[in-house]
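In order of appearance the chains are A, B, C and D, and numbering begins at 1 in each one.
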Amino acid sequence: MSAPGIRIGLIGYGYWGPNLARNFNETPGACIAAISDLSKDRLALAKARYPNAEVTTEHDRVLGDPKIDAVIIATPVTTHYPLVKRALENGKHVLVTKPITSKVSEGSELCNLAEKKGLVLMVDHTFIFTGAVKKIKQLVEDGSVGPLYYYDSVRINLGLFQHDVNVLWDLAVHDLSIMQYLHGALPNEVSATGISHFAKQPENVAYLTCFFSDNFIAHLHVNWLAPVKIRRTLIGGERQMIVYDDLEPDEKVKIYDKGVDVKTREGAYQLLVSYRAGDMRAPQLDRKEALAVEAAHFVECINKKAKPITDAPSAVGLVGILEAANESLKGGGRPVKVQQVL
Amino acid sequence: MSAPGIRIGLIGYGYWGPNLARNFNETPGACIAAISDLSKDRLALAKARYPNAEVTTEHDRVLGDPKIDAVIIATPVTTHYPLVKRALENGKHVLVTKPITSKVSEGSELCNLAEKKGLVLMVDHTFIFTGAVKKIKQLVEDGSVGPLYYYDSVRINLGLFQHDVNVLWDLAVHDLSIMQYLHGALPNEVSATGISHFAKQPENVAYLTCFFSDNFIAHLHVNWLAPVKIRRTLIGGERQMIVYDDLEPDEKVKIYDKGVDVKTREGAYQLLVSYRAGDMRAPQLDRKEALAVEAAHFVECINKKAKPITDAPSAVGLVGILEAANESLKGGGRPVKVQQVL
Amino acid sequence: MSAPGIRIGLIGYGYWGPNLARNFNETPGACIAAISDLSKDRLALAKARYPNAEVTTEHDRVLGDPKIDAVIIATPVTTHYPLVKRALENGKHVLVTKPITSKVSEGSELCNLAEKKGLVLMVDHTFIFTGAVKKIKQLVEDGSVGPLYYYDSVRINLGLFQHDVNVLWDLAVHDLSIMQYLHGALPNEVSATGISHFAKQPENVAYLTCFFSDNFIAHLHVNWLAPVKIRRTLIGGERQMIVYDDLEPDEKVKIYDKGVDVKTREGAYQLLVSYRAGDMRAPQLDRKEALAVEAAHFVECINKKAKPITDAPSAVGLVGILEAANESLKGGGRPVKVQQVL
Amino acid sequence: MSAPGIRIGLIGYGYWGPNLARNFNETPGACIAAISDLSKDRLALAKARYPNAEVTTEHDRVLGDPKIDAVIIATPVTTHYPLVKRALENGKHVLVTKPITSKVSEGSELCNLAEKKGLVLMVDHTFIFTGAVKKIKQLVEDGSVGPLYYYDSVRINLGLFQHDVNVLWDLAVHDLSIMQYLHGALPNEVSATGISHFAKQPENVAYLTCFFSDNFIAHLHVNWLAPVKIRRTLIGGERQMIVYDDLEPDEKVKIYDKGVDVKTREGAYQLLVSYRAGDMRAPQLDRKEALAVEAAHFVECINKKAKPITDAPSAVGLVGILEAANESLKGGGRPVKVQQVL
């Protein structure tokens, strides 16, 4: 906490911004040097918490400030493209909240710009930095789980009703980022269904199936109008199955030594599927706050000129899935090809 | 338990048959008079439990026995059509396990035959007879829940892997029967996705969306390959929302006084959606075993020549949904119209 | 199920008797040959289920029937002593429900009589035959858990209110049997507190602490007047800790690789206690119905002239704990020595 | 956040101090003006978070600072008496963490001193300020629950092992404060049992029964060595029963419309106890952070010269219970009278 290190400007001090500010301000080698928001009330609160930071209603003063090294953008999706572009043009490293942009074309342009300028462009897919997801990634990579069969997530609650994007763009993007991190490839095709219960509003309940080129399927269920909060993902593999419940205080990841044994009986005509039932194990997880880990990673990537785990090109891949999902939604589940942007 | 009343023959003493036998044998006005099964071991067990019942490996002896008043058919789906037909032709009332047939055409034929003969033809959609579903039905009918927004069910576990029908026909049929009982109408169209992880086997994971003519949507998730058992249904209405968790020992139905208030702001251009958060209530439920209630209902329908709650025409409607779902599954979620059989 | 084998007479067909009848009747080498109960309604139900068994309101006809080899006594505690005595005198093997008697002196007399006659006298401490308790016993015996620190159980619900014995005699006896099975020794001393909320009724809420000669303590909480059902036991050991929740459908036993590391700092003056936090594991358990295992064990003990796991002398030890607990209850928790009957 | 209002000095920036600092600093009409701690690392962290506060390793500089209006003391129990005394003598209002002192005599002296000086002396019994406890208090006061039958709490986890006080003084004090708030009176007598598993260390597992002059009993179970975290309280009343589970994210308080109906049968000789089983209800609770509510209350008491809800005399009553409990612990549960200090 001696030398300030990287001086960070934060655009957007609404719902998520305060969490970003708190974590970055306690990250060694970084400090929050400026905060902008359109609301004067929010800025007053920001000033009380960070008396040494400059606060302003004009984000251009942050984006253009030569003393600022990096910018965090925590604003609505539709504003991401112009703000990130301006920040990169001004030579700032950027961390932007998810999804990176509302169009694949815009996201690709930002990727190219960051690469040309030699700047870090990282996307705040926070879950990738949780102890739970890191543990599951390790179990998939070391072969414990075996070839992946399915990824099934439910992310529902009485959430903030958004008026500019539908519930897939708001919630499913979290699960898509985890799915992509674990499986690697983008889906070939998607089928999405859903409904808006309110005239002229975006879909508030949606279901998305992703088809891949291998024996793997993913399904996501998101809902802004559910009476209970559920954050549960099932990951089925040939050897093990995992239940990841983000609301469990202690045992977020449970690994089941369960599965099927498939045998061929008498002359290959009939398949026998028998179940294996074994122990369950809940491994000890890294309990560090994900945003703190993410903040340290962003600072490290800047200092070492390294590629972030949640880099912009992967994030643009997710936008491609969401674009295809929107088209399928309109067609009542009609399968739609996904743009292979990676 | 004095006079035997209706003498029942049971075809099939495998997994579900013993539950049917036990409940019918303790239903006043009925007794299990004959049991047939292909396995001699199963018959030995049946004989030990029901020393007064005749046991046989030949179902025709039961179907043709003039002392038998009614027949329960608890055999694989594909055998339902010929067995039910034979029973009705022989003048027996019939209770058949779900789904009624594997084709709409076969089911319709059986409906007509039963009507012509003046016999009761009832389908064992057991959940309709639970205290939980009866309570939810009452809340929907008396207007507490308000117009229905969605029905979302998850029915997954490491279940019996079936080789003749896919997981929708095995598990989703339960949820379709509840959905139909609550909402009344058949869906216009469905979109289904899924996968079989084993060569030449039916789909073991599937997702089914049902679209209706009103503001209602239903989604069912079924899986034979899940590490945990989940039986949870969310029912969203304009005024209340319900969580029905069949695995909860005591509080299977929770009613949330939550929802949205929708207002139109300034000249109808923008909709404001704000959340209401109120109390939750878990009502006391009738704890009688559903099969016992169902058995008594079957006996009463026979005695009073009444139409059963789970009558054959409604059950054929569900077969129509499943036929459409199978076609959509092959098309990667392509929407498929549902035959309006009712 | 061919030869009847051991012919069993059951005295008491109330709440628990039907479970005993059902399990013994399906145990190879045994059959229910006679059932007595004071209620004619209960006997009618028994007859409908076991048409081949004799039913009678006079238990002496069962106890004196020369064709009966063994007797199961499922009646109120105060009747155990005379009924078991009569059965043994008539040369019958006996299984009696818990607790064995209401006095240590009576229990000891029965032990001696059974031994003298060479008859099996077993007590229905059902939990000892569950897959869960067997697994925990194995973990304690093989040293995985380490020296035992504590045993803490909660067994509460809105239960049957009994008028002859207090809640310790009704419910705590289950936990005492498990505690004794795991730890081996009887406590030296107990302290019990509790209350009766209704005039002239036995205590309906009670707490019992057992002190042992080693570093182990046990505490039991029982309550007939609780709004929720809880059946949860914590077992703390030096190396591992166990949570045994009998209401969990699948993961009844959870083993925590947690504990403390104790170090002595600088010259033994100060102890450092630091926590170890590791994985949790829920082992696969034997899912056989405990009463079926117990029934087979009783039959085997008779056939092989073997000592049952839940033999009478251990059961008398538990009565000694309960007698001391009653005295302590009257003294507001005053510590009372336990009779060392074993 | 304009005028600073009450200037607060905080003594102790260890585990709990940061929560106090954060909440008081965002309380209108108050600000954290000084922080003292023995550790320079902790002070560096405090300075980074509160750049405008003075930080010092010498608490006397805070206690003696004329610009400080009120002092928060968040240090080990044994230091409370001298620090609070000094603060009051210097004319500061005081908020001290629980328990107020380690002796009744010291606590009473502080009460008298505060009263003489006309200063607010409040104790940080945080749970009294939660939405859950406020709701339960209301249900008890308005007669919904009926006369109280019992209070049963479990507060266990793998907690910080303390070396100066036993687990009752660390954890049970929370439950005692809630119990007292709900029931009003102090117990007449207590019986406590427990054990220390480590030589020369205070008891790490303990059980405490409190006897009252009416038909009410309370029992507390605390444990520093439990593999799972449990924070669950059962409150039984004549008309309703409550389960308060502080770890439930949403439904912390559940009200059961369950209980007993007691009738006298034929000539008052026999009591009939039958159970009522009705609905369960989980009321919507105030979700404000308890410490924020408490901070505002402290500020309001200072400004309005009002008596705090968690005032010092009640807190001294709790110390009396703990002193009696310690004596009973040594006597193996022997009942010990409680000093009636209120």
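Brief remarks on what is shown
Here is the rule we go by: a contact is a pair of C-beta atoms (placed from the backbone, for glycine too) under 8 Å apart; a residue touches a chain by one contact, two chains touch by 3 or more.
None of these values were measured; they are calculated from a predicted model.
Seen from the C-alpha centroid of chain B, the farthest chain centroid is that of D.
Comparing the chain pairs C-D and B-D, the larger number of C-beta pairs in contact belongs to C-D.
Computed from the mean C-alpha positions, the centre of chain B lies at a distance of 53 Å from the centre of chain D.
Computed from the mean C-alpha positions, the centre of chain C lies at a distance of 39 Å from the centre of chain D.
Each of residues 228, 277, 280 in chain D touches at least two other chains.
Residue ranges of chain A in contact with chain B, taken from their complex: 149-150, 152, 154, 156, 158, 161, 163, 189, 191, 193-195, 197-201, 205, 207, 209, 211, 215, 217, 219, 221, 223, 225-228, 234, 236, 241-243, 254, 256, 258-260, 262, 270-271, 273, 275, 277, 280, 328, 331-335.
Residues 1, 25-26, 44-45, 48, 51-52, 228-229, 247, 249-250 of chain B are the ones that touch chain C when the two sit in their complex.
Considering their complex, residues 251, 277-284 of chain D touch chain B.
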